[in-house]
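Each of the next two complexes has subunit A plus one more chain, namely subunit B in the first and subunit C in the second.
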Partner chain A sequence: MLEHRTPFDSIREGEDPGSATIARELIVTPVRDKGLLLLQSACLQALQTALEREIGLRLPPAQQASWHGPYVLLWQTPAQWLLQLPARECDSIGAALSDRLASALAAITDFSDALVALEVGGAGLADVFMSGCSLDLRADAFPPGRVARTSLADVPAILWNPGGSDRIHCLIERGFETHLFAWLKGTATR
Partner chain B sequence: MRMSAHRLESGGRIDRGRPLAFAFDGRRYEGFAGDTLASALLANGVRILGRSFKLHRPRGILGAWGEEPNAIVQIGTGETTVPNLKATQVELAEALEARSVNCWPSARSDVFAFLKMFGPLMPAGFYYKTFKWPSWHWFEPTVRRAAGLGVAPTGADPDRYEERHEHCDVLVVGAGPAGLAAALAATRAGARTVLADDRPVLGGALQWEEKTVDERPALEWVGEVEGELRAASNARVLTRTTAFGCYDHHLVALAERFGEQTARPIRERLWHVRAEQVVLATGAIERQLVFPDNDVPGVMLASAARNYAVQYAVRPGRRAVLVTSTDSGYDAAESLKPRGIAIEAIVDTRMDPGEVAARARRAGFAVRAGYVPVRVHGTRAVRAIDIQPLAETLRAHSTGSLLRLECDLVCVSGGWTPSVHLFSQARGQLRYDAERAAFVPGSGPKGFQCAGSAAGQFALRECLTDGFAAGRKAAKATGARSDAGISPIAAPERTAVAPFWAAPRHDHRKAWVDLQNDVTRADLELAARENLRSVEHVKRYTTTGMAVDQGKTSNMNALGILSDLTKTPIPQIGTTTFRPPYDPVTLGTLAARHVGPLYRPLRRTPLDSQHSDQGACFEDFGGWRRAAWYTSHGQSREECIRAEKRAARGAVSLFDGSPLGKIEVRGPDAAVFLNRMYCNSMKTLPVGRVRYGIMLSEHGVILDDGVCLRLAEDHFLVSTTSGGADRIFSGFEEWLQCEWPDLRVLATNVTCAWGNIAIAGPRARELLSLLSTDVDLDPKAFPHLSVRCGRLENVPARIARVGFTGELSFEINVAAGYTAALWERLLERGAPLGVRPIGIEALQDLRTEKGYLHVGTDTDGRTLPTDIGMGEALAKKSEDFVGRRSLERAEAKRPDRLQLVGLSADDPGTVLPVGAHVVADPKARLGSQGYVTSSCMSEALGRTVALGLVQGGRSRHGESVAIYCNGRLWPAHIVSPQWYDPKGERLNA
Partner chain C sequence: MLRISCPWCGPRDEPEFRWGGEVPVLRPGPPEAVSDSAWAQYLFVRDNPKGWVRERWVHAFGCRQWLIVVRNTVTHEIRATARLTEPLPEVTP
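And now, the complex of A and B:
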């Protein structure tokens, strides 16, 4: 069996914060042990039913997230959602959803290795993010549950507010994490 | 150290307790905190700050802020130097080093001053007419060198620049009286408000106009408003921040400066502000008056003289003559006189100025109504001015009634031009207001308002009420409902103006319209005589209104003069186009954080650490940081690449193909969809097989290539070029969503989800068999161009018999998280087999000798599939596909199109340069018939190989050609592009 590695395992000392706190006002925490499934379906009702039966979640409205227990569902496009779930359940739930959607035009894709998930928090969060993201990310404009597909430091990013005014979850494509860390560190320590 | 001879004993808003030493043109001076470079130089008696652009005439200070056309300076030294700043906007700092530009060795003593003798030979457009023979390009280098202003730094800028996005309900640009009132109203109403002003202090003209607001000194009111705004949680106040551009969707760009101190964490910040409502309270700029010799140092805008005297406690002269065509010009006399500046006369170009003149006479000023200036005496400084009754000047060469007024300062006021630049950039319409003799905002884009002087309301009272109303209206439009209170108020004023575009001609003396570009009234006359009617053409012919100040003091005069010359009403002449930036912005600000390693994001593959450990030299390929080659102790780059190629041809190699695009296409109509996207057939591809395919644009041009793997009846994996994944995926989505929504297909870009390792070489199968797998690797069970899904080392894997080297190859796709461990295991198990990682450089050479094309290298923006030998495949396909129609054009069927061939240098040791041309006439080295696209030394063949695109190339195999590049010729032959293993025996092994 091959060893499974996350991007955080391979980031070298000096290239990454070394610890979760990259500046006094900004704390970056890798989200570990989470799996991601990309759900695509042209048949919303079928997907809705499958999700409710498997994990008890309803599809969130556009640009919103819904969550229940360890499961988080993030809206991506009108026919695409991202399901965050415990890594150990990824295969089984992916297979179960695929079975339930076998007769519908749907695709369940394991995205656990495609995206890197970070939780970024701290008092300087909005200031730092708005240096590299054109969205208004202050708490009143980006409330809990809000999801955005955007660009952060020129990196395609999915941002969502898991609750509270001082943290945002950020998902970026694997391979961009070193750039984003360097940018966050440089911006937060100015 | 020189003492400040012209500094007033008291007054001003400078900090006399903080003296600052600085240098200008190598001389040391002293100023105070709160000074600008211009005010400090004036205080030290420096009158000449620059030389004119074309004729190198001495030039002094005309304005006091962004309108300044003359005092262009270079600040700092070395890598931090900044060219083309206006001395009027440069805040004085300790040890500031400033130099004049466009002169040598200094503005005081410029060796190029002799050029003014050639003035008559250099009218507008002289270079268009003069430097034509033998060619403009012959003169261009010299003219360009002579014509420059400041010097750009040659080293990397060590300073730090920032960027920030901001969203607000109301953005107020300008913190003069109207802007402050607008921001106050919007903030009180509850709107999230941003107030931006380019000066270091708020208040605008209230800093020097000595007026009252709400029956108290205006500056007290400014202080109170600033305090209220800074304390409000819903307001942000930005000083030293210039709004320089309005763009779509209410996006306003701001450049924030952080002072000129030497040690600073951030030098400038670029703000992208998206505001629901924008209030432009950008004020107005006083106009220069056009009369002979109006460029002599000492001729200054009346508002600027007042500004220097009141705000900076600087005496810009000792004896002043005020020349005005407006009521507001008289205000300067009232401010200058009590500060010890004698007013010799107020010269009013109007015949009957009315009450304002009567009041001035009662105050003891000598008013000359109906007079115009006809000459300024002095070259390096004003010594006197000649004035004459207007009626007399209209008689040619009349010298009757000429009156000479001794003075060292001429204050001019030709009326006010609203700063409508941003409004116009936002697509606001302008209208000419004859009463104000200026273009004022007309109908505006939704969400934009002009207020105060920017809207043509030049009196303080109207500025305040107009600004307050604009702020309240803007806030209301955003849904803010709190009570904004009542508007501040000021005493009524007279602001009448009579347009005076230029004094009548008086002998041969030059009357300057645009001081920055050395444009005279005579130049405009010449343009009119040469029938240049459009104001845009006149601008480009004469250069009036161009360069750093964009005609801030000159445009309106130029329009007025042009109107007189062409007998065309000003509204019909119109204005030139206002384009960003309003004021110059440094490239550092625009680049912000996009420099060095953060210039653009570079993706790393899942094997990045492994490549580093193995000594990889990285390069940017298609936005990915990829191993170009692997260093080996004591070996050169070329030796390393050769060794890598030997491993691939003689043993086994590993290549990190993770960046290859991977798009899953699923659904009952997946085959139909891909059959339309590829120009060759994909519908007939059996499950478990792989086919090379090419995708075209609608123009039939090759867009991307790669293999298509059929994993199931309704499931394909499309492999794209490394840089093409996002583009091709977007294309798939566009076709599916916009053109073929009836197709039941879902596409998913899984490029980042999977890692890819290519094992290539004669021992590739041997290596793979050393790992545990449930895939039958036997060549009969698993032939070339097939794919198997199974497990490798107990993890899910997709293994394809494809490659880019021409050798027996397996491309293994595993989840990105397993890729590093797989790579390490392959290296470990393959060590006895001589396994070696290879980089992009080796791969490129291997594929070149195999004759595999690389899209974008061996194709260009014109290459069609028929040009690379795909004609047969196209002919077999009966169904439609993207780009097919374009392939039916006569142009696509021309036999002399550029076609992919091999190019064999007659000297097998010569590596033909990529880009070298195949020339039809070797003697004349003319007539390009194509060019070399890829070229290298083949390790396997022991000679050089090359690919190229050559006219009608495929029918010219065996033909001798000449290859030309940079003065050298090489004989070569056109051959088949398949240099290595043309029968494919090795890859089918």
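And now, the complex of A and C:
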């Protein structure tokens, strides 16, 4: 049987204190114990009501995030949002939202295994990211709460600023994890 | 490189988009009544003008929405972008 290990496994399994300092003070920390639900609906009012009653969150405007306690809602497209929540609540909240949206045209899909969430921080963060992404990610152009679906290192990525000028959360498809780690390491040390 | 203003995401670089062809290209019908030449015209023949043209693009790396772009095929200037649900922008100079 093949053993599949990704570059971030050593961090997850506790061999590292929790994060990896790559270079130039660029620190990568896997976001642990979080689940992801993809919410799709064109019935915004029904989705809004379901979210407010279940977790007290409002739908964010385009390119924005909203959060309340451990729940973060990221805008994806005009009819799609990504809900980040504690992993242990993924099934129960997903089922509760599905029940509330039973009569609306909506889909709730568990994306926890599809995407990898990383927090990248450090003084050289914007410079490193902007060498592989066409967006201006400096603090004044990418303020807290801003979300962007874009291309990072030639792969699709969701970037969002959780607050502060020196860290960005990055979600990528799990299959691109090795590529992203190699790209971050190569770019940061160049 | 083109800089395209997505109606949902704002200005983004061209590599985030994919080209989807000229608009409007109307499908003839019904199929049993369409001649071979009319079908070939629909499938293969485009105006391909020198100058302003309306095109369909998709923001593949972003919001994955289709949009209309008014682009000059000589200068690559982009005059307007619009959602598919909006009226087609004018192309006359």
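The rule is short, and it goes like this: the second predicted complex is superposed on the first by the 171 of 190 C-alpha atoms of A that agree within 3 Å, B and C clash if a C-alpha of one lies under 4 Å from a C-alpha of the other, contacts with A are read in each partner's own complex, and residues count from 1 in each chain.
We adopt the following convention: a residue touches a chain if its C-beta (ideal position, glycine included) is under 8 Å from a C-beta of that chain, and two chains touch if they have at least 3 such contacts.
Computed from a predicted structure; not experimentally measured.
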item	value
Partner chain(s) touched by A:L184 [first = subunit B, second = subunit C, both, neither]	neither
Subunit B versus subunit C as contact partner of A:F111, first or second or both or neither	first
Partner chain(s) touched by A:Q63 [first = subunit B, second = subunit C, both, neither]	second
Which superposed partner A:T150 touches (first subunit B, second subunit C, both, neither)	second
Subunit B versus subunit C, judged by how many residues of subunit A each one touches	B
Touched partner set for A:Q76, first subunit B, second subunit C, both or neither	second
Touching partner for A:S134 - first (subunit B), second (subunit C), both, neither	both
Shared contact residues on subunit A - subunit B and subunit C	134-135
Residues on subunit A engaged by subunit C in the complex (per definition of touch)	62-63, 76-78, 134-135, 148-151, 156
Touch list for subunit A against partner subunit B, complex	1-7, 10, 12, 38, 40, 42, 105-107, 109-115, 127, 130-136, 138, 141, 153-155, 173-180, 182-183, 186-187, 190
Sites on subunit C touched by subunit A in the complex	8-10, 12-13, 15-16, 61-65
Residues of subunit B touching subunit A in the complex	160, 162-167, 265-266, 272, 274, 593-594, 597-598, 600-606, 608-609, 612, 624, 664, 666-668, 744, 746, 748, 750-754, 793-795, 814-818, 820-822, 825
